[in-house]
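As structure tokens, here come the structures.
In what follows, chain A forms one complex with chain B and a second complex with chain C.
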Partner chain A sequence: MSTEARSARRAHQFGRLFIYGSLIALAIFYLMPLWVMIVTSLKSLDEIYSGSFIGLPQAITFEAWEKAWGQACIGTACDGLRPYFVNSLLMVIPAVALSTAIGAINGYILTKWRFPGANFVFGLMLFGCFLPFQAVILPMAQLLGSLRLSGTIPGLVLVHTVYGISFTTLFFRNYFITIPDELTRAAQIDGAGFFRIFFSVMLPAALPIIVVSCIWQFTQIWNDFLFGVSFTAGQSSPITVALNNIVNVTMGRKQYNVDMAAAMIAAIPTLVVYIVAGRYFVRGLTAGAVKG
Partner chain B sequence: MRSTLSLKDRFSRWLPRLVLSPSLVAIIVGVYLFIAWTGWISLSSSKMVPKYDFVGLEQYIRLWSTPRWETAVANLFVFTVLFLAITIAIGLLIAILLDQQIRAEGFLRAVYLYPMALSFIVTGTAWKWILNPDLGVEKVVNDLGWTGFVFDWITRPEYAIYCVVIAAVWQSTGFAMAIFLAGLRGIDTSIIKAAQIEGASLPRIYLNIIVPMLRPAFLSVIVLLSYISIKSFDLVLALTGGGPGNSTEMPSTFMFSATFRRNQMGVGAASAMMMLMTVAAIIIPYLYSELKEARNEH
Partner chain C sequence: MSTLEIDRVRKAYGNLEVLKEVSISIGTGDFLVLLGPSGCGKSTLLNMIAGLETVTGGEIRIAGRTVNDLSPKDRDIAMVFQSYALYPTMTVRQNIEFGMKIRKVAQADRDKAVKTASDLLQITHLLDRKPSQLSGGQRQRVAMGRAIVREPKLFLFDEPLSNLDAKLRVDMRTEIKRLHARLGTTIVYVTHDQIEAMTLATRVAVMKDGVVQQLDEPQAVYDRPANVYVARFVGSPAMNIVPALLEADGTAVIEIARRPAARIGGIALSADALRRYAGKKVLVGIRPENFSIASTGSTAPSLTIDFDVVEPTGPDTLAVFQLGGVEVTARLPPRQAHAGREAGLAVDTSKIVLFDSETETRID
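Entry: the complex of A and B
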């Protein structure tokens, strides 16, 4: 082997080393907060105050998890996060189902039953994806009040469904546009009507985008804080609001282990979805950047 | 032709529009009518409850003469510049590194991206604990032997905003990475091969040839990150609560406390309208250009 080739090989190896080194260092940085949350939640409070931050617990204890789940005080009630976790579930399931179903039929209409002005309607809906919700929370609070839905889970379901339509319509419209019109036209010639075509031609082909839409909506709605804190109080709050209340308790010695366990409990549902279906999550994430 | 349409045909022609109309009504009311409503409140003398009178731009004048709002706007500016610059730099770096035929790419990508699945409240809670000087990172470094190391930004009004930047960058880098990586995968690799044969070094090729080709990805990332930064509310609330003092106040937290805590609904509505106008100034041209390009492609 010539010296030239040898030095080229060495440079290449050095380059690979640099690439892997950087990637691993960055991965450690991104994993560090999760690691710290998990180990802190498994330590006793004494161990935390004796100065153990990043290391493994000396003795693993699930005490903090039990406290966060069933006993931590939020306001005057000391029932832990459990009731709020249930609230979030009761909010997220109908809101995801409704907004995805509506988005699917909207996307179908906007691609296969185009009418004059369809593009304009789509544009109107699209801006809803980027609405800073601060601009609508005041009137929404008024409306929920007059519908007698303020501070209730159905109220939050309504809010999340309305503001979810923009994204779900975007997902389905961009997906259905790739399905050839010949398919629906053939079904029409066979005598299938509007709904028949939707249920027996479009929906069976739409499975991937249904998953994308459900995951996106689930993550968004589960993680929402602004609507929760604006429209609910006390017992009817979703989990993000309850978590924030637990963490911001200022009385007594700060229970960092309980805080971290509570944060993990609030994070687990979306993390599980991410681990199970990360591929679809990324597709939803990049949909806002992909041409309409 | 038209007169020959039977009632059934006419119904089936209108059916799609009929099915779409509830959504359209929901969007028109929930987005556009509500924006107009907020706009009206911002022109009224509303304090604790909405009042539908007209006082002109009084609330906007009051808003802009509130020192707290000035702090919020200055913070938003500092935050947005740093957050965008750092997130884009790291996101692009990771995307380029991952594009070098890496083993375990899928796993690494998942690691960089998982924070995007978390709530900002969770992120804020975790980083509040990490940045805490008594027991967090500062203490770890001190215990390692560097006793003079000080990292107490979160407790210092002049530095606390940088803590918000750190946590926000941590959460959003994966998003920038995902878009850049998608852009890189769309580039023909023969360009790189050709430039290498010409004798250009790999960093040079990326800097001079590949990065300029990522223009659309840059545009998307900049627009979407700006949007995230303008509406960032939960992260600030969970991490610093707007403090110490008002030092990390942002327009979103200002709007919330003016409206729901300080009985200044008119000022709160005015601040919401300012946020909306800023977002609209960024998003509307973006959506317009995206839709126009899409139409040209079809």
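Entry: the complex of A and C
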């Protein structure tokens, strides 16, 4: 081997080393908070106050998790996060399903049943993606009031569904526009109508984007705090609001381990959703046409 | 009885007139090819026949029934698309069955229809595959299978071969012709490829800018093109269109640079046309194959020219030269033409067509 080739190889190896080194360093940096949360939630309160924040627990205990889940006091009730976790589920499941379904129908109409002004309507919907939460709160509060849904979970479902339609419509419209119009025309000639084409031809082909829409909506809605705190109170709050209350309203020594466990509990569902369906998320975002 | 009548049909998108008073009528078992360049309105017309586009004016009748306001499924038609338009998540069998399921055909009858069609198209071994697992030619067959099980009065094809590679295109062309002979169903077929039109059609409608230029048998379109546009569009290499002066006895005089003018007599013309065009400029249409090397002692009109470029294609040689100020191509037997050489060419006058130099329409 010539010296030239050898030095080129060495430069290459050094480059590799540098790349992996920086990636690992960044990964550690990003994972630091998660690490702190996990180890803190597994320590007893005494250990936290006497030892370091970052180190491994001397004695692993799930006390904090049990407390956060079932006993921590939120407001006057000391039932832990469990009822709020259930609230969040009752909110997120219908809201994700509804907003995804409506987005799918919208995308289908906007691409395959084009009507005069379709692009304008789509433009308005896009605009909805850029509307900040804050701008919606007052009118939404009024609407919920007149629908007698103020402070209820169905009210929150409505809010999230409406707010999510912009995003889901965008997803589905951009996906369906890559499906050739000839496909719907062929189905029409086969005798299929509006819904038959939607359910038999379009939806099955849209699986990747359905997954994308569900993950996106689930994450957004589950993690939402502002709508939750604005439109619900007390027993009907979603978990994010309850978490805030646990963390903020403790008397005496601050219970870091319970706070961390509570935060982990609140974060687990989105993590699970992403781990289970994340493959499809990436695939769906990058998938182009359904090459027939 | 005519199976399809297109009666002064118009189509406009807003102010844009895409089709202007198109009238076409074909009989049962006919193979009509709509031939024209991209954007001339062929697909629009086909989609109107299918019921996928609304009709702005005029009437479309299928088997004597006005279908203007019928939805596609009630028109007794089936269609094959350029992109095949197979349902991507369904198997081949489900693709073929889909229409029958919607029409609530019984399972046993569906199975029988799928079997007949797939045997005919030799796709029986592919029935459980998804479209993504098929080659272009196989997808094409499946798309045809989906159309065949419909047993329609009318098959519609929109550029079905243009996504295939050259070799496969020729094979599938033969296949479609065989299928037509076998089933005898009336077909309307859209293409921009004049060879497909010539080989497949029983009737060709040559279109340009939303107007039918000529509707006739393919050979008639080739031999007697209605105007210069059709003459140039059909045939490859295209018909040569050469300016000339028509003398009172019907001789066409064509200028040749640095040489005596060619005098081509004996062109068939009506007395009326001769009277009107005598002494006027006309356009002479000569197909490349109507030139031949002049043999000594022949009485055919001949001209002396110099070849510019010579392109052997194997079976024959294309020789390019200047005539009447334009470039002209002759199709000659191999090894008879040499670039840069002088040659005497004879012309088959019985095949010559004349066109008005202003309107560019054929003079009879």
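Details
Keep this in mind: the second predicted complex is superposed on the first by the 277 of 292 C-alpha atoms of A that agree within 3 Å, B and C clash if a C-alpha of one lies under 4 Å from a C-alpha of the other, contacts with A are read in each partner's own complex, and residues count from 1 in each chain.
Here is the rule we use: a residue touches a chain if its C-beta (ideal position, glycine included) is under 8 Å from a C-beta of that chain, and two chains touch if they have at least 3 such contacts.
Just so it is clear, the structure is predicted and the values come from calculations on it, not from any experiment.
In the superposition on chain A, contact of A:Ala205 is made with chain C only, not with chain B. Within the superposed three-chain model, A:Ala25 lies out of touch with both chain B and chain C [touch as defined at top]. Using the contact criterion defined above for the overlaid structures, shared-chain residue A:Ala5 touches neither chain B nor chain C, since it reaches no partner. Contacts of A:Pro180 after superposition: chain C is touched, whereas chain B is not reached.
One of chain B and chain C touches more residues of chain A, and that partner is B. When the shared chain is aligned, chain B comes close enough to touch A:Thr40, but chain C does not. Of the two partner chains, chain C is the only one touched by A:Gln188; chain B is not.
Using the contact criterion defined above for the overlaid structures, shared-chain residue A:Ala59 touches neither chain B nor chain C, since it reaches no partner. Contacts of chain A with chain B, set against its contacts with chain C after fitting on chain A, overlap at residues 291-292.
Across the complex, chain A meets chain B through its residues 15, 19-20, 22-23, 26-27, 29-34, 36-37, 40, 48-49, 51, 53-54, 102, 105-106, 109-110, 113, 115, 119, 121, 123-128, 130-140, 142, 162-163, 165-166, 169, 193-194, 219, 222-223, 225-226, 229-230, 240, 243-244, 247-248, 256, 259-260, 262-263, 266-267, 270-271, 273-275, 278, 281-282, 285-286, 288-289, 291-292.
Looking at the complex, you find that chain B touches chain A at residues 12, 15-17, 19-20, 23-24, 26-28, 30-35, 37-38, 41, 50, 90, 93-94, 97-98, 100, 102, 108, 110-123, 125-130, 135-137, 139-140, 143, 170, 173-175, 178-179, 182, 202, 217, 220-221, 224, 227, 230-231, 233-234, 237-238, 241, 251-252, 255-256, 259-260, 265, 268-269, 271-273, 275-276, 279, 283-284, 287, 290-291, 293-294, 297. Interface residues of chain A facing chain C in the complex, by the touch rule stated above, are 180, 182-183, 185-192, 196, 200-201, 204-205, 290-292.
Within the complex formed with chain A, the chain C residues making contact are 47, 50-52, 71-73, 77-79, 81-90, 98-99, 102-103, 131-132, 139, 146.
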